[in-house]
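Look for chain A in each of the two complexes below; its partner is chain B in the first and chain C in the second.
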Partner chain A sequence: METSQPVSAPLGVPQPKPTRRVQLPDWMNSILRNRKASVGIIILTFFVLVSLFAGQLTSINPTRRVGRPHEAPSAEHILGTTRDGKDVFSQVVYGGRTTLFVGFLTGTIIIAISIVMGLTAGYMGGWVDEFLSMLTNVFLILPGIPLVIVVAGWLDRPGPATVMIVLGAISWAWGARVLRSQTLTLRNSEFVAAARVVGEPTWRIILFEILPNMVSLVVSSWIGAVQYATLALVTLEFIGLGDVNIVTWGTILFWAQNNQALLTGAWWTFIPPGICIAAIGLSLTLINYGIDEITNPRLQRS
Partner chain B sequence: MAAEKVQPILEVKALSKDFVAGNVLTRRTVKAVQDATFNLYAGHVTALVGESGSGKSTIVRMIARLYQPTGGQILFKGQDVAHDRTRGRLLKYRSQVQMIFQDPFSSLNPVHRVRHNLERPLIIHKRIKRRQDMREQVHSLLRRVSLTPVEEFADKYPHQLSGGQRQRVAIARALAVEPLVILADEPVSMLDVSIRLGILNLMAQLRNEQNIAFLYVTHDIASARYFANEILVMYAGHIVEGGASEELIQNPQHPYTQLLLSAVPDPARGLRTAEVEVVGEIPSLAEVGLGCPFAARCAHVMDKCRKAMPPRTQLSETRWTRCYLYE
Partner chain C sequence: MRFLARRLVFYLVALLVAIVLNFLIPRLMVGDPVQLIIARFQGRIEPSAVDAIKATFGFVQGPLHEQFFTYLSNLLQGNFGPSVMNYPVQVSQVLGASIGWTLRLVGTATILSFLIGTLLGIVAAWRRGSFVDGYVLPFLSVLGAFPYFWFALMVVYVFAFNLRWFPMSHASDISLRPDWTSWPYVSSVIEHAVLPLMTILITSVGGWMLGMRNNMIGVLSQDYIVMAQAKGLAERRVMLTYAARNAILPALTGFAMSLGFVIGGALVIEIVFSYPGVGFTLLQAVGARDYPLMQAIFLLITLAVLVANFLADVAYVLLDPRAR
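And now, the complex of A and B:
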């Protein structure tokens, strides 16, 4: 079809990928049109921006003593100071950066293992599936957080990298189970049979025929994993099983608890990080609900 | 066309497939296909006709190397391919034997554009010398299945196409490797009646112009009559009768073929009941015994029908059946 292009077509570019330009806004539109998802994305974006521009938001080093102990919020320290005289606002800003980064990275590790395990088991079938499903079931019945607590206690105050690996290694089972069952359904679809007849190699069938059909499932599992990882991380640090010398939302709470902030009435040391953690949890939940509604139109009626 | 005289391109010999169903305790064997024997010839359409569940698709999927046969041989140009497992040999076979699926709504991956579906076989089977030729090749394939304007169709996703257009894409995908054999598994049964003829004519044209051998699976005996040179009738896993299509339809021999043809609505006959008297239903394939599967429903049943499957009786040069009535 020779469309009558406006004369102003720059440099004679032959109307590059007109469909692709329509395609991307398509799913973005449906996300932005969904109220839950957009609220979640706004909250998340806010925290991501704060983490990215931490250095511009505050010039105070979060690990330095800059004031008297337990100073109430003031113009100089907008969220007051800790018992050690460190600036709480700066700690929350920098702590968020570490917490979010480690949380997202851990969630990504979890979902990556889930994808490998789930898709392999679902597509290969036979004894491979038997074995991987057994492994999945074993990890499924291991109680997550208590196990991490035991492992973290045994490793003696592990740093974020260690916690990340431990969490990733034991938390993939749920996602693997979900992705496996979806793979089982897609494996028997005719387009997979067609791809085999065409001669596609197995790895390409899994990665390019099956996986793209589960994007929404993968994304929502990923967001769920990020949420789980973030909260698990905060939990561990709060009870003192992480590295308490680095600043994260979890360790801020740990020190607040340790210094009996509740008794001394220093609310500014635990309310702000608490709100931040709750807000992140809320935003990820909202995004997941939103994705659920978008991909399952039956939920949109209400 | 005296196709029977020439060398067949693909020979199926005593092919059988058992599926094992149930768990360790309830294990039973479903004999989906037993002792299927027939040939495909270049430029010749062989129709496989039967009810749902008679094993037609199982045969096609075995020939397409999607299912591993339990027994028998698939000879392609005289070589048994039923036990090829190495990727190289499978690829060589797939570059010459292609398949069209029943449901064009599920045989095209919803995430891929039409272009992708046609580029992949060209890449996998190295049909393209230079990268620049790809575009032209894809467009020429689309032109061959009359999807024009080709530029526009190449960039569409399956959900932007109608059922008939999708099936044309599926045909173009099968054609991409320039196959010698195309296995068409009920290619028009999911399409609106009004566009079936277009697809059948397209396949007939490919048979005539490119000398492609077709195996055309259908439950619609009228379309088999229209399109096929030869018809094989299948019942409960067995091919019970075969022959040149017009001859077979004018003069059915096997009692099941007679039943099948009498069930075809005939405007001249109106809605009066068929003249062939039959009782019962198609048997469960898990219960198929030794004898003829049609014995329980057959008006001419004899004692030996229940004991063993009748052998193949050649009725004429182009006709055969498996029934003791003609032994």
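And now, the complex of A and C:
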């Protein structure tokens, strides 16, 4: 036992500082070396930090009336006020927190269903695959946003949790198809055959043998799902489906549109949230391009 | 032929799933959907019409499968019942009035977007690293990251509010009587269509351009392109009839598919501009809890997507001999 431990220097003797820098895992290194991915990560990190330190960035409650209606940006309200005299900067900061959180959560729900569907179909084969692939293709072709709108119509102003679940339940098909085809190629590899010979149960083979070998594909599908979910949620909030009293980037735009911000020229109520949404979309796209370039050598520039 | 038959079966299954969803969703909700629908009419309706509406949703006495067949046979007869918000006008009439606006606006936009995007993509691939490839393409891709309804807001703000070049909303001047033979009416329709058309173009051209560029680059590395150039053929000829002609195949099927999104793809744009098409009508229907209209629009949008996808399959088989 003791011999395997590194010999420690006696107390009091000054130790040479370890010169080696913190060793990052390989994949992290290659992502940070990729320009597109790093720009995307920087933008995303910025918004995550803003969300985390929302309370430190602004002391104004985003739902309280703090000024006159549609005040232009000033030192007091750096992005002006809404029609109800609420502070736009604080709404954008706190709204970003909700939008990011709900978007990531919904994206995660989507990819979780995609993994279950795609890996089961790809690994099991036979009639299970036939059936799940058929289901995948059907959900791929059904128009998603109109379907969510109709469901939301029946639900009569659904809360965020309901919208997330509905969106997850109908948006998994794209990821499932991508993951299924990757599973098909992995299924016939030697290490899976070995695991089968050893007698590992099927669920273990799928989760611990196959899944870890397609991490990059899962991550890029996940990022794609987050991006889709964020945009879809913002769109649904903008057209007034769901709870319009929660502050998000989508509902800020909903109120701007409903309170005739366009007709009064209150640009500060709709330009900032739009730019934020675009920045998030762009950062996720860049990260995915980066991952694509790293894992697909054909795209690397010589 | 076998390929097309298989696809056709698949689209029929997909349509059936959409119909079943439409049938099941109201039955999965808490509360009594029949009461919900009838409550919306607020006593403006005779008892006989109540039964008619119940029948269109399949809410008849009997087990679930009988209800479903009642629902299905009503659908097949095109009987969607009366619209709640426009009672006593039938849902089919409401759809008939709105679909024309959507087809004209979004149809034109889709065709223009495809043509412009494909041409730009050809140029970008042919002259890699040029202005079009190095600046126009990334610029359009960045535009694609913006939510497209937000673009609509910006376009309204700049061109309708600040510059006052174009009207802010609606499909025509409401003071004019709809008459397609009178020039003032037609010109007002065109005037009202410019901004929504521009919005759809700006946000969708980038996708076509990128797709065509990447296809072109794949084709350009083929031997027969080098051969054509070695023969000394004119550059334009190699670019258009040798490279682009082959690279456009996948884009054409994509185009056929995108025609399916004409009806459902620009919902939010119509909402921003209060453009009286299918999307705007759907939102109004949801707002008014007009369930008969809501479900009919969803089926219409789905049907359009399925038909367009089938057309894309047919186009693929006709155009690409390898698929036969």
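One rule holds for everything that comes next: the second predicted complex is superposed on the first by the 277 of 302 C-alpha atoms of A that agree within 3 Å, B and C clash if a C-alpha of one lies under 4 Å from a C-alpha of the other, contacts with A are read in each partner's own complex, and residues count from 1 in each chain.
One rule holds for everything that comes next: a contact is a pair of C-beta atoms (placed from the backbone, for glycine too) under 8 Å apart; a residue touches a chain by one contact, two chains touch by 3 or more.
Keep in mind that what you see is a predicted model, and the values were worked out from it rather than measured.
With chain A superposed, do chain B and chain C clash or fit?
fit
Students often get this wrong, so check: with C-alpha centres, what angle lies at chain A between chain B and chain C, to the nearest 10 degrees?
After superposition on chain A, the angle is 100 degrees.
Who does A:P212 touch here: chain B (first), chain C (second), both, or neither?
first
Counting only touches as set out at the top, which of chain B and chain C does A:N137 meet: first, second, both, neither?
Only chain C is touched by A:N137; chain B is not.
Which touches a greater number of chain A residues, chain B or chain C?
Of chain B and chain C, the partner in contact with more residues of chain A is C.
With both complexes overlaid on chain A, does A:T285 touch chain B (first), chain C (second), both or neither?
Once the two structures are laid over each other on A, A:T285 reaches chain C alone.
Which partner does A:G125 reach: the first (chain B), the second (chain C), both, or neither?
Once the two structures are laid over each other on A, A:G125 reaches no partner at all.
So, A:F191: does it touch chain B (first), chain C (second), both, or neither?
A:F191 sits against chain B, while chain C stays out of touch.
Go through the superposed model and pick first if A:G199 touches only chain B, second if only chain C, both, or neither.
first
After superposing the two complexes on chain A, what is the shortest C-alpha distance between chain B and chain C, in Å?
Result, nearest C-alpha distance in the overlay: 11 Å.
Could you pull out which residues of chain A sit against chain B in one structure and against chain C in the other?
Correct list for chain A: none, the interfaces share no residue.
Give every residue of chain A touching chain B within the complex, in rising order.
The contact residues of chain A facing chain B are 1, 19, 189-191, 193-201, 209, 212-213.
Can you check the complex and tell me which residues of chain B touch chain A?
Per the stated touch rule, the residues are 61, 64-66, 87, 90-91, 94-95, 98-99, 101-103, 106-111, 120-121, 124-125, 149, 151-152, 155-156, 170, 173.
Which positions of chain A touch chain C when the two form their complex?
Going by the criterion above, the answer is residues 134, 137-138, 141-143, 145-147, 149-156, 231, 234-235, 238-241, 253, 256-257, 262-263, 265, 267, 270-271, 274, 277-278, 281-282, 285.
If you look only at chain C, which of its residues touch chain A in the complex?
On the chain C side, the touching residues are 10-11, 13-14, 17-18, 21-22, 25-26, 29, 33, 142, 145-147, 149-150, 153-154, 156-157, 161-162, 168, 261, 264, 267-268, 271-272, 282-283, 285-287, 289, 291, 294-295, 297-298, 301-302, 305-306, 309.
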